[in-house]
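Consider the two complexes below, in which chain A is the common component and chain B and chain C are the respective partners.
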Partner chain A sequence: MNQDKTDAIKDVADLARLNFDAQELEVFALQFDKMLEYVGVIEQLDLENVEPLLHVVHSENVFREDVAEKSLSTAEALANAPKHNDVFFKVPKVLK
Partner chain B sequence: MKSYEEFLRSIPQKSCIDETHDFLGEISRKQELNAFITLNEENAVCAAAESDVRFADGRPRSLEGMIVALKDNIATAGIRTTCASKMLENYVPVSNASVADSLRESGAVVIGKTNMDEFAMGSSNENSVFGAVAHPLNADYVPGGSSGGSAVAVAAGMAHAALGTDTGGSVRQPAAFCGVVGFKPSYGRISRSGVVAFASSFDQIGIFAPDVYSTARIFDAVSGRDRRDSTTADLPPAQSFDTVRRPLPEHFTVATLPDDQLEGCDEDVMCVYRRSLEIWLSAGAKIMTATIPHSEAWIPAYYVLATAEASSNLARFDGIRYGCRVAGDYDDITVASRSQGFGAEVKRRIMLGTYVLSSGYYDSYFGKAQRARRLIYDGYASIFEKADILFLPTTPTPAFRRGEKINDPVAMYLSDYFTVSANLAGIPAVSVPAGESAGGMPVGMQLQARRYDDERLLQFARCFQESAKI
Partner chain C sequence: MTESIVSNTSIVETNSEYEAVIGLEVHAQLLTESKAFCGCSSDFGALPNTNVCPVCLGHPGSLPKLNRNLVEFILKMGLATGCKIREHSIFSRKNYFYADLPKGYQISQYSDPICYDGKIEIELGDGATKRIGITRIHMEEDTGKSIHDLDIDTLIDYNRCGVPLIEIVSEPDIRSATEAYQYLMQIRQIVMYLGICDGNLEEGSLRCDANVSVRKRGSTKFGVKTEVKNLNSFRNVEKAIGYETDRQIALIKSGGFVTQETRMWDASSQQTKLMRSKEQAHDYRYFPEPDLAGVYVNAEWVERVKSVLPELPMERKQRFMNFYGLPRYDAGIFVEDKSLSDFFERCAGELETKSADRFKAVSNWIMTEVMRILSDRKIGINELAVLPKHIAELVELFVGEVVSSKIAKEIFSDVLANGKSPKVIVSEKNLAQISDVAQIEKAVSEILAANGDNVEKYKAGKTNLFGFFVSQTLKATGGRANPRIVTEELQRQLNAV
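This part shows the complex of A and B:
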């Protein structure tokens, strides 16, 4: 696999916060090529004067009264955290 | 298959508790199908007991005693909701999805959470951290995906009905492969609140059942405006159960696709398709040919837009607040957790989505795909000015063998050829069992209608299913 291609994929992986080891990268590069070639059909279309469709629902903003409603308790919010104490999510030291 | 309609006719000779135990027995006998990830046995039996009391008192609710399975990307308070991913293997929601609340309030009994392709990404149900789901008629074949477990739960008699999600065909395609009804309503008819997001402008909850009657009952109970989902349509809950019992109108028009858009279908599917057209003709339909523009771009446009939305939606899995965490320095936690927590197909789609959104490629992929989406949307609108429904196969082939396409993403994506356009346009679509292949595998046909015409679509589907007599 050429170095440019590997670097390009590593750049996208960086943006996506993913990491591939050398073996995964090999398999992935081939599949990614095929996927890009396939969706490349899109590039060929002449859609100069067509307005993009952003969403199929054309509703306006949906508002509600600005009144506090019941939300998660601290214990509930922490219930699924991989590491936490009574009040905080725990992460490794940020400042060295 | 065991239908809710039959069960209702068997009351009071049969109790809901007995029915629940029968289903649990069937689930345990058919464990090798791997349709369920988590069972809800105790709660189900309690709910069934309550249903029996209500039947005895003569005050049943609209879905009283209906045994329902939920795809495992629909949040259930206190019952783990895994998305079939290592990332959420131990995730237990603190609240219910709106649909789970609606089902309970209507008297339905949730029997368990079904297996699926990880994060609803796949067309074969082979991408699950809990293992693949097998086709109920032949374990060497896939049941379809991504809502494969839900389709199998209904087809193999393990629930009266099931909910799944349909982003590009994930309800209709497995319904067709397994020989059940699979309905994707118009975008916005059913609240997505509490459904783990994949591609938010496409995702829609869908319904599996043996027949259109039960499908309609559920649709009526779970549809309508929900303040927890601001994209829900500003329409009252559906009243389709009354509509589906009506006969077909005297004059109606069925649109079909031109031959060149059906080229990818194999002979088994075309055979059932041609016979189905005869059914429409003898029911008095006027048949016309209609074209949805740029059929070569349906799947590419869908995959560009859906993966872009997925890459953004799945950015929330950072290994810190919930989900799997892999130990490491602060900088590494997110990368390590995501790299080990997500499976191969999910990573492929996040990568594609990130790529098409990255600077330099945005206009040529994402912008173009949004424009193609407009043409497809407009194309459907003009078809439904002239036709009541569009009739087409649900899938180009019947169920395929396990392992056949798992390492070839593009081949896998092609099995969504006939289903993605309805999601691109936000219109309702339903797959109805219509026949079988020479090898005895089910073949489904699809009906589509104009946006928000869900009730009438189900009426046509009911008439078609009864005429096809499957």
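This part shows the complex of A and C:
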């Protein structure tokens, strides 16, 4: 049972590129249990005809007009890049 | 732009035992001024990493704000394809790690896309049409561009990152590679007529993935499908789908079975190759995008977009056939390129006498003389400096037998070179065709008198000398004698000898 939970957490962690050891996974499993238990209280309510709440503040149609504005300079854009060649961002090769 | 249909007789089209079931996912890059969620220019071809800002670079704390035209443009596409428009829709995050997407997720629409349940009509040979269902059309953002072959590292240009896309997902209604080609062609024409995408497959403003499966004909159950990617030209779409259906049928016939996987079309080997199997498929963990407000499209907005929708390619094609009396072929050629069909209409509108035969003559002139020059110079009609009025004049000059078609072609070169009106060129260079019978009668009798020996040979049975007499007479009149009258007159005088 607990193994299933830690496996599920590990899957999600892998997708998020996070590494945890077995002990950490156990701790998370316990913590997640508590959180789900807490949120699970809601299940006592009849939510048959209630739409999921997507935003706390209900707002729609917040637009910007389609006008091109000034962008960063390339030097500014690259300033925080771990690796660049003054024109491009550089990342480890992903294709052979 | 006119690319003939590759005749691709895959097994599916000739084998009655199996049929292909194909659905297409088409991405169209929108012609907005700025990106989907920030004010960076969406210009194609700018220097690398010049159209970027904290939002599209995914800097912490930056917030997206939706470009109104993204909604406006997708509504045009939705309404042009008969889609239902959802009043309330939202954006979701599609999460995956790849360096061309600095946020770690793509903003897209997942459940409840803004447009759904539409259709596109395609033509199958002789004007029969088939309806291909549209499952959904949704909004999303493009990724950056990775360059793998210039450096030991992968180089990334984020100019394209955040440029708005729409994804058009079809129902699995397509039954052959040729139908897939026709469907894609229709989408391309529609987005271009709507002015929301430049329709360029080679440059990637239109991209196509295909879901392909096969099944026994008559079966209602779907077979296992593969997804085929990298279809970056019309030719490749047809070839790749043809190849993939053949591959699946051969596999099944030899006792094997198709596995659900993603394959990539490799144009150099003309094969589809395995990219990833289903086990390696992504889990995108979609969830509602908390940084963007929802989109609400009321009836008023829908009506306003509807009222400004232009005439669509299929409608225009029908009108060209009905109103101008053009053959389906001619109408199809023009409609494929909106500018060219606009040009035809402007030329036809400049005709002094508006009649079906003159419309057809204009059509012939554009399809032969004008399109030959466009293809020689590799330009579009809008880059050719010629007035529709001059094309109409020229066509009327030769339909009215004022000049021969040979002279008309010479005049056309002049018109292109110096922009003068064909009528002016005719009078300045004295090119008007001689249709005065008395004048031609005189020219013919002079030629016959000067070639007595050949007249005798002709009378003795060497009738192929007739062409020689024609060309001699035309030459004597500087090419201006009406060939029809020359022929009649020669026959008359030779018979009388």
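Everything that follows uses one rule, which is that the second predicted complex is superposed on the first by the 77 of 96 C-alpha atoms of A that agree within 3 Å, B and C clash if a C-alpha of one lies under 4 Å from a C-alpha of the other, contacts with A are read in each partner's own complex, and residues count from 1 in each chain.
Going forward, contacts are C-beta pairs under 8 Å (C-beta built on N, C-alpha and C of every residue); 3 or more make two chains touch, one makes a residue touch a chain.
Because the structure is predicted, anything quoted here is derived from the model rather than measured.
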Which of chain B and chain C A:R17 touches, first, second, both or neither: both
Touch count on chain A, higher of chain B and chain C: B
Contacts of A:L54 with chain B and chain C, given as first, second, both or neither: both
Partner chain in contact with A:I42 - chain B first, chain C second, else both or neither: first
Contacts of A:K34 with chain B and chain C, given as first, second, both or neither: first
Touching partner for A:V87 - first (chain B), second (chain C), both, neither: second
First (chain B), second (chain C), both or neither touched by A:D66: second
Intersection of the chain A residues that touch chain B with those that touch chain C: 12, 15, 17, 54-55, 59, 62, 64, 72, 77, 80, 83, 89, 91-94
Chain B residues touching chain A - in the complex, by the definition given at the top: 90-92, 94, 187-188, 201, 227, 230-231, 233-234, 294, 296-297, 299-301, 303-304, 311, 315, 318-325, 328-330, 333-336, 338-339, 342, 347-348, 350-352, 354-356, 358, 364-365, 367-375, 377, 407-410, 413, 425-426, 451
Residues on chain C engaged by chain A in the complex (per definition of touch): 32-34, 39-43, 47-54, 57, 59, 65-69, 71, 88, 90, 95, 97-99, 146-148, 151-158, 283, 285, 288, 290, 292-296
Chain A residues within the chain B interface of the complex: 9, 12-13, 15-20, 28, 31-32, 34-36, 38-43, 45, 47, 50-57, 59, 62, 64, 72, 76-77, 79-83, 89, 91-94
Chain C-facing residues of chain A, complex: 11-12, 15, 17, 54-55, 59-74, 77-78, 80, 83, 85, 87-95
